[in-house]
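Letters are used for the chains, namely A, B, C, D and E, taken in the order the chains are written, and counting of residues starts over at 1 for each.
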Amino acid sequence: ADKVTVLLDWFLNPDHAALVIAKTQGFFEKQNLDVSLTVPADPSAPPKLVAAGKGDYAVSYQPQLHMFVAPERASEALPLVRIGVLVPQPLNALVSLANGPIKTIADLKGKKVGYSVAGFEDAILAAMLETAGLTLKDVTLINVNFALTTALKSRQIDAVIGAFRNFELNDLEIEKLKGAAFPVEDFGVPVYDELILVARRDGLDIDRTRRLLAALREATAWLRANPAAAWDAFAAYGGKEVANELNRRAWQDTLPLLASDPASLDRTRYARFAAFLKARGLIKRDVPLESYVQEIK
Amino acid sequence: MAAPAIRLRGGRVLFEGTALFDGIALDLPAGRTTCLLGPSGVGKSSLLRVVAGLLAPEPGATLAADDGMPLAGRIAYMAQTDLLLPWLDVLANATLGARLRRDPAAHAAARQRAAGLLQEVGLGERLAARPATLSGGMRQRVALVRTLVEDRPVVLMDEPFGALDAISRLQLQDLAARLLAGRTVLLVTHDPLEAARMGHRIHVMAGAPATLDAALELPAAPPRDVADPMVLATQAELLRRLAEATAA
Amino acid sequence: MAAPAIRLRGGRVLFEGTALFDGIALDLPAGRTTCLLGPSGVGKSSLLRVVAGLLAPEPGATLAADDGMPLAGRIAYMAQTDLLLPWLDVLANATLGARLRRDPAAHAAARQRAAGLLQEVGLGERLAARPATLSGGMRQRVALVRTLVEDRPVVLMDEPFGALDAISRLQLQDLAARLLAGRTVLLVTHDPLEAARMGHRIHVMAGAPATLDAALELPAAPPRDVADPMVLATQAELLRRLAEATAA
Amino acid sequence: MRPVLVAVALIALWEAVVWLGGVPHYILPPPSIVAQEFVGRGDLLAEHAAWTLIEIAAGLVLGVALGGATALAMARFGRLRAWGMPLMVISQAVPVFAIAPLLVLWLGYGLASKIAMATLVIFFPIASAFYDGLRRVDPGWLDLARMMDAPPLSVLLRIRLPAALPAFASGVRVAAAVAPIGAIIGEWVGASAGLGYLMMQQLARGQTALAFAALVVLCVIGVALYFLADALLRRAMPWVPHAA
Amino acid sequence: MRPVLVAVALIALWEAVVWLGGVPHYILPPPSIVAQEFVGRGDLLAEHAAWTLIEIAAGLVLGVALGGATALAMARFGRLRAWGMPLMVISQAVPVFAIAPLLVLWLGYGLASKIAMATLVIFFPIASAFYDGLRRVDPGWLDLARMMDAPPLSVLLRIRLPAALPAFASGVRVAAAVAPIGAIIGEWVGASAGLGYLMMQQLARGQTALAFAALVVLCVIGVALYFLADALLRRAMPWVPHAA
């Protein structure tokens, strides 16, 4: 079997359901792939490592891909291509407490907004604020790192951007709190793929990639058909540290969001989002779309 | 502040299981200088440290002043090494006691006194020197001044003039004798002549466990002249006792 | 390995701008013991350190052995403080030289020799003791043994018997004189009697900047008897010179 | 006896802070709740602790060895100091997340990159303190060694080194206490096991009780290492005064 | 002169590693490219460096003061040691990101929580090394002080303290070198400015060169602090031998 390394973006969680099920239920094996999943602690590292040849595929985010392939200096551009998608829609949302002061985006004026550094939160927030006639100057942005919901729960800040709607809301609920989510795509941000798979552009093994995506498609279909068995398999794979209440709840919310066809590609999304980021000043160069997305048919 | 007599009875000190001395008795008469001689390693410094309260004897020993008051706070102590603090200059080292007790008035007086004494011991021009730049004998002189500046009724000194040349030694003995008059002094020394010049009573310590012989008592007031026949006779007698002690 | 004569000319040492000595000349005759006396702080230790090569004199001085060979590696040195290493026991301290030079054969021989000498200086039962548990005189004896174990043709000693009682001092002088016979020795001492017993030549150092007087030369071989009239006469003469030197 | 009392007192204080201070459990779970995790997930904690212990042990051994060797080399070769010291300081000032990809690139995802990180953290306190100690030696001893024609290496190993042991011990004590942090930073590079991994993972999704259970284990490891090092080092240096 | 040479050599080495090692620029940009960021974004770097410098300075001052005071208190009150030492060690072994939310809860997102973090990191090397030094004093001096009826506080401040200064200096040197990490960890807790923040943000954006420019500034700060501390401390202790 071909040995394949996939670098996850973050700790193992239900967003990775398709990868885990494909591994545990033998879908990878069926495609003659021997996949190992590796967890980093810094989400910005996996794409770089894959670009440098340390690992075959990385789980990344569409905005991250845009920024990594089009930095100001061409020599720093990562030679990456998007070859597939795990979650073909934004998960990102602005989340506040339902009984808190933030009922609408306009209520954010003069408030504190927390985020965990991903590099593009200011652009997203700025776009959302503009829908209510506000600008970034009207809020205080604070990097709270790991502690998105904790910061919210302790009422140290009023809202967080970069929360995943399938997690942070459940997290609040477990603490008997109700969260209010403002999905980014409803407030002026173009729709994008939250979780994607990227690979090194040079020497991309089309055949192997096709088999990987096929295994993921099968796994997604299987886990939709067998949600309970899939959860058990996922929990068994992740071990006790993953098989907790939060992930169990998130599992439910995540299944419908997974890509039925991980190979699918909506080119207009990429063109539109690149333009969005460029307009916001996060990328300064135009890079041909075909150099960083590749459709595996 | 009258100088008390000091009485030690039943002193017993063990090092690694063997007794350095066992049931030793020592009397320091009030206002008198008692000298202690003995072979190297016999236990002189240890006995002095017992009197100082720095080395606790085995239980059963009694150490007391005849006036019934505690000894603590009435003793000035000069160890066998100079124990100068390397970060303080000569004057500050000499006034260490007052500095440590944080009494500004006493400190000012001590500086006055120390500066005078340092002048007398030949260090008047080195008040601001750091100990590392002094010769061995200079360091010892600073330690001596530090002890005298303490101005205590009881003074315990462990070979205070050991690092000095013959002439300076005589001069500083004279100085010390003058300043120690009326105090209760225990002076450990290797030099029989020094004991004969300085001591009212002189013990030779000998043996293992060590004991004290009957004291030689000298009538005239110290410092006695080097050429005084009694001093020379005493020196000869001490040498004889020492030789005996060393032979044993 | 014959002992060389050593010749120092034009020695000049400055401390903080003032000359400790200026153009001093010193001759150490081959195989003879030269003693150096002088008031405390006059510069004896500094002169000894110049000869040892530890204190560099100002440019222009010459220091050389008469056989034209370098002095380095031929000198054993005993400083004014004992410089025992606290983590080594007595025997290991006494054989430090061989340990540092990492020569197993020499080390074994040194242990043999050191054990014998330590026995002779009365420390035969303390071979495994750590320096912190020794009395001042014991520490000095270990340092003396360490110097003698080095077995070098040139030996420089700075008050090697200063912490010893009168009797042990005489005994160790005898021991040292025996072992130092035929070597070129510079011995700094405070004790005129010691110089009179041990020295072939005796200098008194005096003044500021310090100078050496014309050496007293003694014919008979050391160690000389304490009761020898020549020794006593020399002692008296040295005391006279010292008193003069101190008065100046 | 005493350490137990200290621990009990600390736990009581912690419980009190939570209840009296009105600290929400998702920020600081009280020990009573953390204790339940020990009971319920003891095996999980033990499993991850084993990984971390391996990293700590390897990091300590390597860090102490490298730090010690570096200090000795700098003391032996004066030249090295001018070059080595800035490098060492830089090795401390570089935040791990910036060079983590570099380490992975060179050392891969295995234990090696984690141990490298842990070593880096432990290395500096040792090298710095030990080197300071090596420089600070009674000049009289050096004179003596010089007169004995001691080769420089002997002076280093037989005089400077023992004289610097107390300073080295200071460094080791600090290193023992920071070793757990070293391991955690090591797990940063990419891990799938270890207490640091467990803790970050749980914290990242708000599972504070288990995270704090892992934290408690880490602290216990740190404290145990410190006192172990302290006891060993004191025993190794009976000649050093240890006045209370 | 020498530091300049070292810097030049280091930079050359870095450039060589990138080119000869074939390290991609997005993992380690070569100094030639990083230098362009200094020219182009000097103002941005300066602005963030100012924040970090404030945090470092405050953390150093507080950490040194608290660490020093803790060591003195433990040396003065023997009892305190049995209780204080485990606490101190724990304070080191606790990874900061675990207690960051707690700190924020109590101190808010302002400068206070960042300074608290930096202080925590700096505190332990100082307290530990200094306390070690305070314990390790010539017993003869203590005897002397006792005979002089020195009150315990005087013994502490006028004998133990100066005698422990070299050990304290060792601690300060280590602290000066880790201070930048302290500040970065502080920025971790929640920040919107500072070199650590800038670095994280630029790494996330793929602006590696700018991130490394920030890193270089941090390293320079660390090295400068170390040598500054070294020079000051040596000057403050002219009686301590500093053999090369």
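The definition used in the following text is that a contact is a pair of C-beta atoms (placed from the backbone, for glycine too) under 8 Å apart; a residue touches a chain by one contact, two chains touch by 3 or more.
If you want to know which protein each chain is, UniProt gives these names: B, C = ABC transporter ATP-binding protein; D, E = ABC transporter permease.
Bear in mind the structure is a predicted one, so any value in this text is a computation, not a measurement.
Colleague: Please report the smallest number of touch steps linking subunit B to subunit E.
Modeller: The fewest touching-chain steps linking subunit B to subunit E number 1.
Colleague: Could you tell me which chains are in contact with subunit A and with subunit B alike?
Modeller: Looking at subunit B and subunit A together, the chains touching each of them are E.
Colleague: Across all chain pairs, which one has the most C-beta contacts?
Modeller: So the pair of chains linked by the most contacts is D-E.
Colleague: So which chain is the furthest away from subunit B, centre to centre on CA atoms?
Modeller: A
Colleague: Would you kindly tell me how far, in whole Å, the mean C-alpha position of subunit D lies from that of subunit C?
Modeller: Centres of subunit C and subunit D (C-alpha means) sit 49 Å apart.
Colleague: How far is the middle of subunit A from the middle of subunit E, if each middle is the mean of its Cα atoms, in Å?
Modeller: Centres of subunit A and subunit E (C-alpha means) sit 36 Å apart.
Colleague: Could you put a whole-Å number on the gap between the CA centroids of subunit A and subunit C?
Modeller: About 82 Å, centre to centre.
Colleague: Considering subunit D alone, which of its residues make contact with at least two other chains?
Modeller: Counting only residues that touch two or more other chains, subunit D contributes 27, 97, 101, 105, 138, 200, 203.
Colleague: Could you list the positions in subunit A whose residues touch two or more of the other chains?
Modeller: Residues 42, 48, 52, 146-147, 150, 154.
Colleague: Provide the list of subunit B residues touching at least two other chains, using ranges where the numbers run on.
Modeller: 81
Colleague: Touching pairs of chains, all of them, please.
Modeller: Listed in label order, the chain pairs in contact are A-D, A-E, B-C, B-E, C-D, D-E.
Colleague: In the complex, go through subunit A and note every residue touching subunit D.
Modeller: So the residues of subunit A in touch with subunit D come to 7, 10-13, 38-42, 45, 48-49, 52, 54, 146-147, 149-150, 153-154, 167, 171, 174-175, 239-242, 244, 246-247.
Colleague: For the complex, give me every residue of subunit D touching subunit E.
Modeller: Interface residues on the subunit D side: 2-3, 6-7, 9-10, 23, 27-28, 78, 81-83, 85-90, 92-95, 97-98, 101-102, 105, 124-125, 128-129, 132-133, 135-139, 142, 166-167, 169-171, 173-174, 177-178, 180-181, 184, 196, 199-200, 203, 211-212, 215, 218-219, 221-223, 226-227, 240-244.
Colleague: Write out the stretch or stretches of subunit A touching subunit E in their complex.
Modeller: Within the complex, subunit A touches subunit E at residues 42-44, 48, 51-52, 64, 67-69, 71-73, 75-78, 112, 114, 117-120, 140-147, 150-151, 154, 156-157, 282.
Colleague: For a test of understanding, state which residues of subunit C touch subunit B in their complex under the given definition.
Modeller: Listed in rising order, the residues of subunit C that touch subunit B are 15-16, 37-41, 44-45, 80-81, 122, 133-138, 141, 159, 162-169, 171, 190-192, 239, 242-243, 245-246.
Colleague: Could you please specify the touching residues of subunit C with respect to subunit D in the complex?
Modeller: 49, 52, 54, 72-73, 75-77, 79, 81, 83, 85-87, 96-97, 99-102, 130, 132, 150
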